[in-house]
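Pasting the structures in now, so scroll down.
Each of the next two complexes has chain A plus one more chain, namely chain B in the first and chain C in the second.
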Partner chain A sequence: MWELIQSNKRKSLILFFGMGALLILIGFVFGSYYNSETGGAVGVLFAILLWMILSAVSYFGGSKILLSVSGAKEVTKEIHPQLYNVVEEMKIAAGVPYFPKIYIIDDPAPNAFATGVKPENSAIAVTSGLLSTLNRYELQGVVAHEMSHIINRDILLMTFAGMMLGAIALMSEVFFRGMYFGGGSRYRSRSSSKSSSGQAQVLIMILAIVLAILGPILAQLFYFAISRKREYLADASAARLTRYPEGLASALEKIANSTHTLRTANKITAPMYIVNPLKKEGMKLADLTSTHPPISERIKILRALQQGISYKDYQKIYEMISGKKEKIIPDSALKEAIPITPLQSAFTKEKDFNPVEAKRQTGDILMKMNDYQFINCSCGVRIKVPPDYNKSIVVCPRCGRKHSINNLSS
Partner chain B sequence: MICPVCNESMIVLELNKVEIDYCTNCSGIWLDKGELALLYSVDESENDLQKLFAESSSVNEKSYKCPLCRKRMKKIQFNNSELVIDKCPDNHGLWFDKGELEKVLTLKSTASSQKILELLKDMFSYNKSQEAE
Partner chain C sequence: MIYFIIFIVLIVFVILFFVSIYNALIRLRNQVKNAWSQIDVQLKRRHDLIPNLIETVKGYMTHERQIMENITKYRSQAMNAQTVGEKAQAESLLSGALGQLRVQVENYPDLKANQNFLALQEELTATENKISFARQNYNDQVMMYNNKIQMFPSNIVAGMFNFKEEEFFELKDQTEKEVPKVSFS
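== the complex of A and B ==
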């Protein structure tokens, strides 16, 4: 796996400088648009400054920003022992010394992502919808997939790329707003009065508009090209870690079939998730810009892993199903000599899984995380009181018993 | 969750694995979409639930905002009865005012609405007996 990790680090660097160059170019052209003589240099300076600040921020706090943008809250072993156990199992299976932090996002749409600069301070975030729709084996599959992103160093790449994409999107947004309010016209008319630069001015203007439109798209393509391969690789690793590809396959199926859309996802955070949260019908058309391989294809590959689940098997089945000769697994991993066989339906699938139970449990965990008080009335009603409730007594509407509340605020 | 009528924080009541949000201030009830789905689990179709509601046009009640998405809720007729309740335009859930709840409690239930009514009747049996006195 060393070669793989190395190549990811290299790709992170290429992406880092490639996007930086794009950022500088955009800065130069936008600057020139406002002032043809000195604007270009000012624009470049501004772009470099923005780039440097964002790089520093994303290196030191990128994962924290992404987590808080997604509205994720950290859970401890006490609050959700089951989820903690699953992560611990995958940590042991992968044989890694670090333990990622676990976060829950309060959102009914099932999805998950991993983030962090180094594996030592990485984090796995799952939505409450995921916890309430998946059984233990499916959850294992998803956690193994995210764990693989951490082990393969995909998270560093994703965090950096997300921040870079954000910077470029921000710049063209500012440019368009500026143009809309006519901010540039004052300078433009002054400089274009010098007859010599008239034609160049028009050229710069067209270039600026083209870049403002294409810049973010270009940056996204940059981003997508790399992120799609990562997904296959993480799937392959997850199948190996759990030795139960069906778990991840049926989890992906459940996620794909969900009618909820993730509220907190946006263009920048979308590629981080296990399944693209911005999915819409007719996604086939947008194959080029798709951050994730078609989910049906991922499920098909996982389900076809009947004979073995080594990287070699995954590569073979990938080629068979997609019809492409593309290498998705690095050479060093393909040389793996030990054949690994999947556990054949060793688990009772849905028998011990009660969706109502799971949903209730997840809801309670979210409320506990948000400091709700739980009162079990002896008539059978459970009363859950939010921390900002302003009365000191609550009356059970079913039996009339009065319960007093320890107001935390008062 | 914040009560759409009086902007107070609501408490959550759970009975038979179903949760409802209840405002102790105005006695209003919020039934979440997810909870309705739990009531009407897999064996019943979505259509069953949809059949319960018809849009009502001739009501001059004050309209409230959905506590989840803050969009103005629509007034709808519940199960062809006189009962008019609020429903989020994006289907996030249903809102019952205090008076509406009392009507619910006296309502005859049909097969498809039975589950909602039974839950509410059971949950608020004490409140109901208080009203009777």
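== the complex of A and C ==
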């Protein structure tokens, strides 16, 4: 596991540094545009500073911001024992000492994400739609995928990369506005007396405009490339953790077939989710601009993992199905020769899943999270009392029995 | 003089090399120990859940006395087991008995609707899963540790400091081999 984290970092670091170089280049060119002598250095300094500030903000408050933007609420074991248990199972399977916090987002679109730059204060958030559409095995697959993001230290990397993208986009924006108001023209007219440096100025100007247009797009491609790699790796790790790739495969299928769209997702947060919340299906043409690999391909790979589910098997089947030779799993992980066979034993079975019942239970859980009180009447009716109900007695709608409400804390 | 220095440097390198192997072995052994304690925690948890389960189920399943007696018996056997092998055997018997109970529950619709039982069933499922995942992790760790002990050059260090191979923890679940029952109700 440890080696995997190391070489995993190295692979992504190449892409990451590519993105950093782009940031520095943009800083340099934009700076030179305004002042040909010292502007370049100032621009580079400014670019790095901007990135560092953005990164610091997201490092120290990122997960909290993301969770509150998505409207996530923390759950305890009492509220949703199954979800809690599934997370704990994955923690045990991975043999890690930290326990991520668990959040539920009240949204009918099934999706999930993991956050937290340090594994010790990480969190896994799932939507209520996910809980009401997936059975236990599928939920386990999704949680394993998110857990893998935490274990492989993907979130840290994605946060820094995301902030780099943000810095580049911001600088292009500022540059365009500056040009619009004619900020750079003063310096240009002064230095254009010398013909050679004038030519250089024109060159810098063209380069600056090109970079301002292409920079954000290029940065986004880097960002997406990093993101896609992590998705495959997280799928492979999830299969290895659960030893049951079918769970994740059928979960992905259900998520892809859902007609709901997530309300709280946007461009920057999209790569965090298990399935891209902004697009229905990863298309072949859009491969470069997609944050996630095509979901159908991910399902196909998982379903083809028949003989074993080590990283080696995943890589082999990936090459077979996608027809690409690209390495998606780090070399050190490929050496690991654990002949893994899918694990099959649990107290509940697939047929125990009842979609109607699951929807009702998820509704109850959301009510519990919002401080509703539940009273079981002896006639069989379950009375749900909202927190702003201010009388001390509630009457059962079916049999007319009166129940007293215990704690009127609100 | 120069040969002496080269000699000293070589010696230092060899020592450092051995120290690093020794440390790696210690780390792996501790990981195995830690993984084992994880299994132990979950096995204990299962033992704690069983009286509760029997209590809930007793009122409904009046015809399954034998299964419940078996569960109680295997539980106490498992709790008294000492070695990894003994434990594995008692726990797999217990798993088998719990599996039989699970099959029988299908015949008691009242029990399946009982809130208490449903909550308990989730706990049991989770605990069984946790046991399998802890076992999976333990066996992976044991394999890495055993590989290190057997492979050159770490086997030299392992032999010098008496690192012993660890036993795998295998649970043979009887219900896994059974043909699944089909009912047309």
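Just so we're on the same page, the second predicted complex is superposed on the first by the 253 of 410 C-alpha atoms of A that agree within 3 Å, B and C clash if a C-alpha of one lies under 4 Å from a C-alpha of the other, contacts with A are read in each partner's own complex, and residues count from 1 in each chain.
Simple rule for what comes next: contacts are C-beta pairs under 8 Å (C-beta built on N, C-alpha and C of every residue); 3 or more make two chains touch, one makes a residue touch a chain.
In this text the structure is predicted, and so the values were computed from the model without any measurement.
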Check the residue A:G380 against both partner chains and state whether it touches chain B (first), chain C (second), both, or neither.
first
Tell me the contact category for A:N85 with respect to chain B and chain C: first, second, both or neither.
second
First (chain B), second (chain C), both or neither touched by A:A93
second
Have a look at where A:G363 lands relative to chain B and chain C in the superposition and call it first, second, both or neither.
first
Under the stated touch criterion, which partner chain does A:N390 make contact with: chain B (first), chain C (second), both, or neither?
first
Intersection of chain A interface sets (partners chain B, chain C)
none
Residue set of chain A touching chain B in the complex reads 108, 356-357, 359-360, 363, 367, 372, 380-386, 388-391, 394-400
Residue positions on chain A within touch of chain C in the complex are 81-82, 85-86, 88-90, 92-95, 136, 140, 241, 243, 338, 343-348
Footprint of chain A on chain C - complex, ascending:
31, 34-35, 38, 42, 95, 98, 102, 119, 121-126, 128-130, 132-134, 136-137, 140-141, 143, 173, 175-176
Chain B residues touching chain A - in the complex, by the definition given at the top
1, 8-17, 19, 22, 24, 34, 38, 41, 122-127, 130
